[in-house]
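Below are structures written as structure tokens.
Next come two complexes, and both contain subunit A; in the first it sits with subunit B, in the second with subunit C.
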Partner chain A sequence: MTSTHTADAPIDLRDLKLEFPTYGGAVRAIDGVSITVGKGEVVGLVGESGSGKSVTAMSIIRLLPPDSQRVVGGRISVLGRDMLKLSEGELQSVRGDDVAMVFQEPMNALNPTMRIGDQLRQVIRRHQKATEAEATARALELLRDMRIGDPNRVLRNYPFELSGGMRQRILLAMAFSCRPDVLIADEPTTALDVTIQAQVLALMQQKARETGSSVLFITHDMAVVAQLCDRVHVMYAGQVVEQGTTEEVLYTPQHPYTQALLRSLPELAEPQQPLPTIQGMVPNLIDPPAGCRFRERCHFSHQRCHEMPDMLQASGTGRSARCWLLDPDNPEREDALEKGRQAQVPAPLPPAAAQDGDSLLEVQDLKVRFPVGADWRGRPRAFVHALNGVDLVLRRGETLAVVGESGCGKSTLGQSIMGLLAPTAGRVVFAGKDLHNLPPQQMRELRRRFQVVFQDPQSSLNPRMPVWKAITEPLLVAEGLSARARRDRAAELARQVGLNPDHLERYPHEFSGGQRQRIAIARALALQPDLLVLDEPTSALDVSVQAQILNLLLRLKQEFGLTYLFITHDVSVVRHVADRVAVMYLGQVVELGPAQKVIEAPQHPYTRTLLRSVPELSRRRELAPADLHGELPNNTRLPSSCFFRERCRYAAAGCGEPQSLTAAPDQRLVRCHRSAELPPWPDEQLGDAGQTPEIPAPESTASA
Partner chain B sequence: MSFLYVIRRRLILLLLVVIGVTIITFAISHMIPGDPARLMAGDRATPEIVQSMRTRLGLDQPLHLQYLNYVGSLLQGDLGTSIRTGRPVADDLVRFFPATIELAAVALFFSVLAGVPLGVASAVYRNRWIDQVSRTISVTGISTPAFWLGLLLIMLFYGRLDWLPSSGRLGGDVTAPPFVTGMLLIDTLLAGDLAAFRSALSHILLPAFTLGFVHLGVVTRQIRSSMLEVLQEDYVRTAKAGGLSRRQIIFGHALRNALIPSVTMLGLAFGDLLYGAVLTETVFAWPGMGNYVVQSIHALDFPAIMGFTVVASIAYVLINLLVDLTYMLLDPQIRSVG
Partner chain C sequence: MISVRKGGLLDGGYLWYQVRRSPLMAVGTLLILTVLICTAFAPWIAPHDPNAINLVNRLAPPSFEHPFGTDEVGRDLFSRVIYGSRASVGIGLAIVAISMTIGSAIGAFSGLAGGRTDTVIMRVMDVLLSFPPLVMAMALAAALGPSLFNAMLAIAVVRIPFYVRLARGQALGLRERPYVRAAVTFGARPLGIVQRHILPNALAPIIVQSTLDIGLAILTASALSFIGLGAQQPTAEWGAMVSTGRQFLLDQWWYPTFPGLAILLTAGGFNLLGDGLRDLLDPKTRAR
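After this line comes the complex of A and B, so read on.
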């Protein structure tokens, strides 16, 4: 594994330094980054937002606008070429031909006013001598390779006519169109659902092997790294802090940051117990503190950390980390390790009070549809059937997670429960009252008992309202409290959610994403509600911040006896916070039961597909190409059969009928008539169960 | 949304606009002081003559009947008779309206032809000298009063250089082409009279430039800002990562998407140009709607004012229909989704 540090490595970054000049000073976005990717190798580059991973990726093919940044040191060598010395014309002939790149947001990455075929042909003909017809033939072949059904039609499509998963496959096809030697993939599956992510990753891996391409894979998701990468680099604050083989870095991380990051994943934690978090914030890169960039957040920091450590090699391995603890001659080492070990691990929460089973909210056969399009008379051309008969009971004091992929109706369900969307049929009963058939006065009274927290704290707070006003606005509306009383209450709420009450005069943009989500939670708590609907509350956050918010939610629930409806797409979050889980597919609940039971032994075939697609840190395995086909069916025309039949590997006679939720063992409900006869989970070899990360203190291998 | 649906919705809107405009102008014409019958009969007419005039014009009938009469004749293309000129208003409009449309269209053409490349260059070479020049031009355009610019141009190109005529639509040395569209640039070509075409062209250059210059600034700014926005888009990055050339990226990918928001603005701008033409027409003695309407207002010539208002409103709605359809052509998503 050490042999990759050779001069002829397809990607060889040496001590790269790059700055963004701003009025406040130069932001040192990349500060001494060295990365190599060997021939045919898949190398991961992981880090949280702002760590510099995307900037590094873009700088490799010089994609950053020339006047917004400057390279102040180091070398970028790609396939033996010095990229810093190439002219714009030479760069153009490298890009797309020798080095291809795919990006994060497939929804915006294709030109909306140009047909797919034209966009593909354009790139092909730019680099290869081909007639229009030859380019078309090549494009068709590429689309077939990406398992796109009916490629002839897709060539004539515009991007908006295709799903995100399809678009990402097209972008991969475009990237592979000229058989690149190097592929740079910048979070290519982050915006996709997990089942689609599994398909796209498998295709990418397969194609890269065929063409012998080297891949630099940028991601924030450690579990994806585990599935895909041979080696990995971890970035923090513009520097690589640790690099080594995937096994080494994920299962025995050496750098305190890597350790802390992995510990904050809900996947590895005891359910419903606080997650270890990383204190403090990433340093400002305009004027970073001298010495180790992680020093102020590190449990192991000691005197020597005021000096910037080099990448130190751990003994006997090819991996290295930017930490003085790896220096066996460091006199302070033993003391620092001892200090780190004793550092605060979060105190466990007391056992939760038994849920009394009294129902707080009932959703009965809820249906919601939206009109789409208009014919010449202005009547809707069709309907999107967002919810197709949802039944749920939410018990007081429990956390019910609603999990599913985009388009499954989980957010529509949340909005109907909040009374924000009128159902087409069915009822939402809160505390015995039918929400959508209530006189306005009573609705107002009732509304204060259920509140909502949305995904994006950036856009859900009014940017021109100081935070204390935003937090207590519900009190003004519902109780007409004086400004003075509201300020006092705001300070109290701020303390409850872990915000500094002295910062309440500030505006939302002065807070970080995690702090803004705390503000949104404080606002939701202002009226002392019984029920919180949490709509993807941590999906926009980095894992270390997600850990803080999840801890906060767990604590608040106990403190105030709250009931949560937790909408998410993230199975590891479900496992961590939920008492029960409802799995949704195409506007229906397909499986409902205790969260641990459902995740450990899913019964409905869709739940199984979903769980099979979720990458797990503890599971180093091949990507399963088995579920390659199929996307969510079009929900303007509902199937008359079981909704999952076309994608189901267990479909048989009897599946042509619509299915109903029926009782199954372990207090479960499953919408599948065959659930009792399906093979036991796991129903296929899920790769070697492999190692479970233990995350030791740095000494274990360093002193070996 | 289908094309048919958009057209249908626009036509309903057109109907509502016409009803609204006629009611409002009709109401105003009866609220303000001034008696058309007395005006028409002249200063020295006896009360009897005025009264008979009133009967002849239908002014003695109840208000709603007068309105219905007006709308009834409107539907037959009869806009009434101008009090001032004594000719049917429809005839006057046919005579003067094409001149204004022609002026506005040439001005628009000029401002787009010059403004789009300037805006694109400005965005692509952001903060370089070409951007500075183009921004100076657009600020100058936006802040220069048209009548002042017009006078300057007349002084230079007519007074000092004597290259271009200062007034009118056609020189005295050529004969006017037969009336087809009323727009001389088209009619002279249809008649095959190149000398007359050249004369018409030389007459329209200065007023069209004057009128278009203000608008040029608006176009340049709009294109510049939407180009800057589009150049930041992910798909431009994709094109760049695919190794496409600058030319392919700017013209093949960015420009079309940048034009989409500009099209809406062009529709609104054409309306502005029509009304803005009034001042320019005065400076260049251009025999268009501007002069006609101003004189009609002085004379309290309500049939003429109403006729103009109705026709201008219809033109405005139709132009915006055209804009919506162009929009659908440019943006495939609007074409098929709704």
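After this line comes the complex of A and C, so read on.
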């Protein structure tokens, strides 16, 4: 389905320009964006944070507050109506009736004080003529369509009683309640776990097909685009830099930015080797440099790039990119391609030193539970069982990844290991000492040997502390070093993590997210620890920045002989960084073994479900609603059977017993008595592996 | 802590941008500057000795010689209002300084400590809060004996729980921050955490609260003086002046009116400043 630039396309943006006035000047958040979404088409809009993709989406139905922004040029046409000329009243009838929107955060989009049923009925009756009873019947039907079990009960629930995936399905139900012609989905699955994401995406695709809606799907995740979208637009610094069909853009990208972005994904890289990164930073949109916005970060940049390129058509296709390399008459083209070809690919790391295998950290039958509420005697009403007997051994020099979905206990495990949380039962033994039974002074001494890096670089730094103080705070606390000595050490640490030592007087808000994460890593290194606990260190970062941080972590590990406990939900990151992986489910380790082996041939049914749900660039397959297998059970009342039984497609007799971790081939431990009998992997659903992406090395652009 | 770079608090252009956005804050700042100048330079501004009695010229209406008129013993009211700013504003600042320091220290500690310590401290504060503030201040001032200093102590004690609650709320939120947790992982002690992480980050709302409180403190001090528990004769203090001037309101309106106006404008000025500071110190509004 190639682009159809017809006037009757349901969404037709032409050369849209939009500004946010600020103290420092007007920020041109959107600068000449043209997007068409044809009837029944699913079009992706991808980009990193700050690229303007969400602003574009919101501006289509004029959702941005009128006094904070102004449209300075272009046209927005939705279903043939000029959205820039409609009154607020007319806009309201367009929204909801003809155009529906789904947002990222499902909690904020529902009214927390109203029952789901009332909210659904309200939406239905606002846009359609229906009695209360008819609306209820319609609401039930919608929930059933969204495969919500027990819809009668859900209608009576309040939003807080439902899980994130459930809420997002209800929002989808609401969005589809008026059979909209256009659906705008802004990162609707970003806050969800992969297994839930797979369910929601499948439902959305199915519903859109049934109703013939056109969908504009905003995301940062290329793999999701690969699964869902017919066409895709890539945004960078307020502009669309490339557009075309999904296959074209993802498998043979033309714009250097798209190429660089795809190459920085860990999914396609050699494990444990540096990822190609994008140098520099996104330009400031208050006063962007003249010419191509990507010029300063581009390996192919040449003289002509000082002039802003238009969207140039690639020969013979409907695709186009904002790059002079696509102009066959460009005299500098060959030289630029040659220059890009010679651009350095990161040097491979020397082979890792053999892990000497002695254990640094042992977790023994660790259990953590949290009390919930209190009855009249002050005793807890129930317990949340966060960890239910975790055993792990971390060997010196290895990277052990802990992977799982939210609620599986991986962060609780990290906190117990960091000594931030006392276990209910079991032990954490670090270098032969039981961490939670040490006198405070010895505990403080021991703490120096393991440090932590958190997910959100924004909140892991004190906003009112200059960076050099933040980096060396551990030295002040643990060694009482003088300010002068700490300053010297701060400069050294900054160099180690790739920060400019001249910027150490600055405050955290003056740095970008990736730089802040470097600061947090420098702080963790200050005491020269043996172990770093990395709690989702790249989850809050854009992929190009993630690549830089992963490279840094790999290098530091080799340089200082560090041991990593890497907590993450991202399977492609696990594949890239980990030596071994522990898959967690409901507070237990269900599978533990060499990372490559576990990912290539998972043996626990849950690991398989998890891997099957992970969207992959290389796999353009039908999203099968048959994959719907319920949600994480409530962890206040643990099942007496195998914890995964309810959701397991291989459940059989004997699964009623609690399972234990038993040895399996390839130095693995698996918590499933049927693991040896499971059908071979990849299983039936993955057989139809589609195209394999070949992100061209710079030279292959020449053939275009 | 305060950045002078572009977009920082002391960047002149940025300040002007804020003034245009909230002119009321500028008005408040001007009022307070005027009052502070009176406080600092009273002997040079005041045309007369505030305590010089001139029985011949008692209860004179405003004139060129006596812009605010004279009181019942012929003292120049203009000079007394200017000197009165020393007592009133001084007491306001002192009250807030005392209650803010003690209150936020207790509150930050209580929030960080949590558990039983926190419960005990907060219940004590609840008891203090359960009395109407003015009644409580009156009781304390009466018990300590009528003097300006005792009135100040009494009001400071009454204001402490407000700061405790504010600082505790901040500390409760801040102690969950990753940077506080990170500090725990490298072995920082609670006192160091409060000093380096909790207080600096809890300060903005506390400062805002304190500017709003200065006005209130001046009013309360004036109220205590008004009922005779605060400043004693012949100290020039606005509340005391209104109190004695009250009986002359019908025939010599100027006597209670000018000190009353001074209280009104000062309290109002601090309130406007506080409101403006709240916006200025909020990083979310500063980003725009």
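The rule is simple: the second predicted complex is superposed on the first by the 691 of 704 C-alpha atoms of A that agree within 3 Å, B and C clash if a C-alpha of one lies under 4 Å from a C-alpha of the other, contacts with A are read in each partner's own complex, and residues count from 1 in each chain.
We adopt the following convention: a residue touches a chain if its C-beta (ideal position, glycine included) is under 8 Å from a C-beta of that chain, and two chains touch if they have at least 3 such contacts.
Quantities reported herein were computed from a predicted structural model and do not represent experimental measurements.
K.L.:
Of the partners subunit B and subunit C, which touch A:G656 in the superposed model: first, second, both, neither?
P.N.:
neither
K.L.:
According to the stated criteria, A:P463 is in contact with first (subunit B), second (subunit C), both, or neither; which is it?
P.N.:
The second partner, subunit C, only.
K.L.:
A:L527 in the overlay: touching subunit B, subunit C, both, or neither? Say first, second, both or neither.
P.N.:
The answer is second: A:L527 touches subunit C but not subunit B.
K.L.:
Touching A:M114 in the superposition: subunit B (first), subunit C (second), both, neither?
P.N.:
first
K.L.:
If we overlay the two complexes on their shared chain A, which of subunit B and subunit C does A:P348 touch? Say first, second, both or neither.
P.N.:
neither
K.L.:
By the touch definition above, which subunit A residues appear in both interfaces, subunit B in one complex and subunit C in the other?
P.N.:
Comparing the two interfaces on subunit A, one with subunit B and one with subunit C, no residues are shared.
K.L.:
Would you mind writing out the residues of subunit C in touch with subunit A in their complex?
P.N.:
It comes out as residues 1, 3, 6-7, 14, 17, 177-179, 181-189, 192, 196-197, 200-201, 283, 288.
K.L.:
Please give the residue numbers of subunit A that touch subunit B in the complex, ascending.
P.N.:
Answer in residue numbers: 61, 63, 67, 88, 92-97, 100-101, 103, 105, 108-114, 122-123, 126-127, 158, 160-161, 171, 174, 372-378, 381.
K.L.:
Mind listing the subunit A positions that touch subunit C in their complex?
P.N.:
Those residues of subunit A that touch subunit C are 22-24, 418-420, 443-445, 447-448, 450-452, 454-456, 459-465, 470, 473-474, 477-478, 507, 509, 520, 523-524, 526-527.
K.L.:
Enumerate the contact residues on subunit B facing subunit A in the complex.
P.N.:
1-2, 4-5, 8-9, 127, 233-235, 237-246, 248, 252-253, 256-257, 260, 330-333, 336-338
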